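As structure tokens, the structure follows; a few thoughts come after it.
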């Protein structure tokens, strides 16, 4: 199932994303997820994850990726992102990576809000939720 | 649940594993998983994943990590690994990362054997299975 | 001396470029150099370094960076690139990284053309030189 | 000229050090330099670079590498390190990477001591110099 994307980020696979198998190293796809997430938070909330404001940081509590087809250097890929509020403190971001209509990879990153000084989880501020997660009408 | 480890690999967290949050970047834990897997395959089968012999390569079809506590530069960590044959063509490697008795991270990487020339999945050779996966008596 | 740039590439510093010092890890600046070089070769020659065509690859024989000021996550940087033919087989690419008019970093990467099958250095094809290196009038 | 090494660090090239050319990515050699430097400072001074104590951090002001031969996944390499005090505030670390007696790569990293709170360069404490740099008799 391709994620019902709310946001897209285009990029090109770089030589440093690949390994000696000639394809993107499995952990390299998380770079694409991160790029899409940072651009999303920058456009929606004016700041990049994980330091979303002066008090609140996000920390990753889970990451997952399933790999269907291989990407190679020079490939133009589109990373789709869909945020889901899964508790008052946590957001799961679902990702898909598409190349020319082919689904290459799907996955997610779950992030929990913390008070960066206490390093304890806190509820995500309501105004931040409203910026990051648009209700569907 | 901490994996019932068959193999352990010790290492030290490096500055390049961390990011500006002061802790290991979430995707950096996959480096520790990979190090343990490569050392495991080197000791058991004489070759490193993913190019396990001249015909057979392994490709990653899924990766997952759950993060419980943060690691920092200089931390001495122990990576536990337990392989499980999940089909005639696929092995799942379960990982745990421990620091001073604390479980920091758990996850897995699922690898499928391919014929590297055809780039098609193939059954894992029996002699390789017997080297990598020891039956418990 | 800021390089007399022939080509510019804009990007944003990502969380994975940084380390626990809060700034971009020293080796991370080479990612920015590589991004600029790949985009340059893509626009000028239709293919990305280092596999510039089906026979010719480039291999790096030297890399260098001097760091003047630190970059941080979210910084918008401009990478300038200037190619110089230094022998019939080698090109040196000079780079500068600017943020809001401040020079953060300068460096270079020297690349030598090889026949990818023989893995031996070869003269750079003239048509490739003419695409990559524009004479100043 | 191979560096007159004071310290050696052995490691194995990993799959994530390589790129689609089948060899170690040029920027990947800096990981080997960093590993040797961290182990050196850990053994000599009890702490890892760059946060050498609670007040003093080191920041990299220059990095350089020359590449003579290529390393591949599974290669066992030896990284030699020789520190040189080049001013009261700066140390240059020279590195060499050897595989089976062949010199693969040489380079250096120049580090300057800073007060981490002021983020200004400071003289390196004498006791730290005496730990890191042994006079030759």
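Chains here go by letter, A, B, C and D, matching the order in which they are written, and residues are numbered from 1 within each.
Please note the rule applied: a contact is a pair of C-beta atoms (placed from the backbone, for glycine too) under 8 Å apart; a residue touches a chain by one contact, two chains touch by 3 or more.
Computed from a prediction, not measured in an experiment: that's the story for all the values here.
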item: Farthest chain relative to subunit D (centres taken as mean CA coordinates); value: A
item: Pair with more cross-chain C-beta pairs in contact, given A-C and A-D; value: A-C
item: Computed distance of Cα centres, subunit C from subunit A, in Å; value: 28
item: Where subunit C and subunit D are represented by their mean Cα positions, the distance between them in whole Å; value: 23
item: Between subunit D and subunit A, distance of the C-alpha-averaged centres to the nearest whole Å; value: 34
item: Residue list for subunit A, restricted to those that touch at least two other chains; value: 15-16, 20-21, 23, 27, 31, 34, 50-51, 73
item: Interface residues, subunit D side, partner subunit A - complex; value: 15-16, 18-23, 25, 27, 72-73
item: Residues of subunit C touching subunit D in the complex; value: 20-21, 23, 26-27, 30-31, 34, 50-51, 57, 59-67, 70, 109
item: Subunit A contact footprint on subunit C (complex, rising order); value: 12, 14-16, 31, 34-35, 38-39, 42, 47-51, 73-74
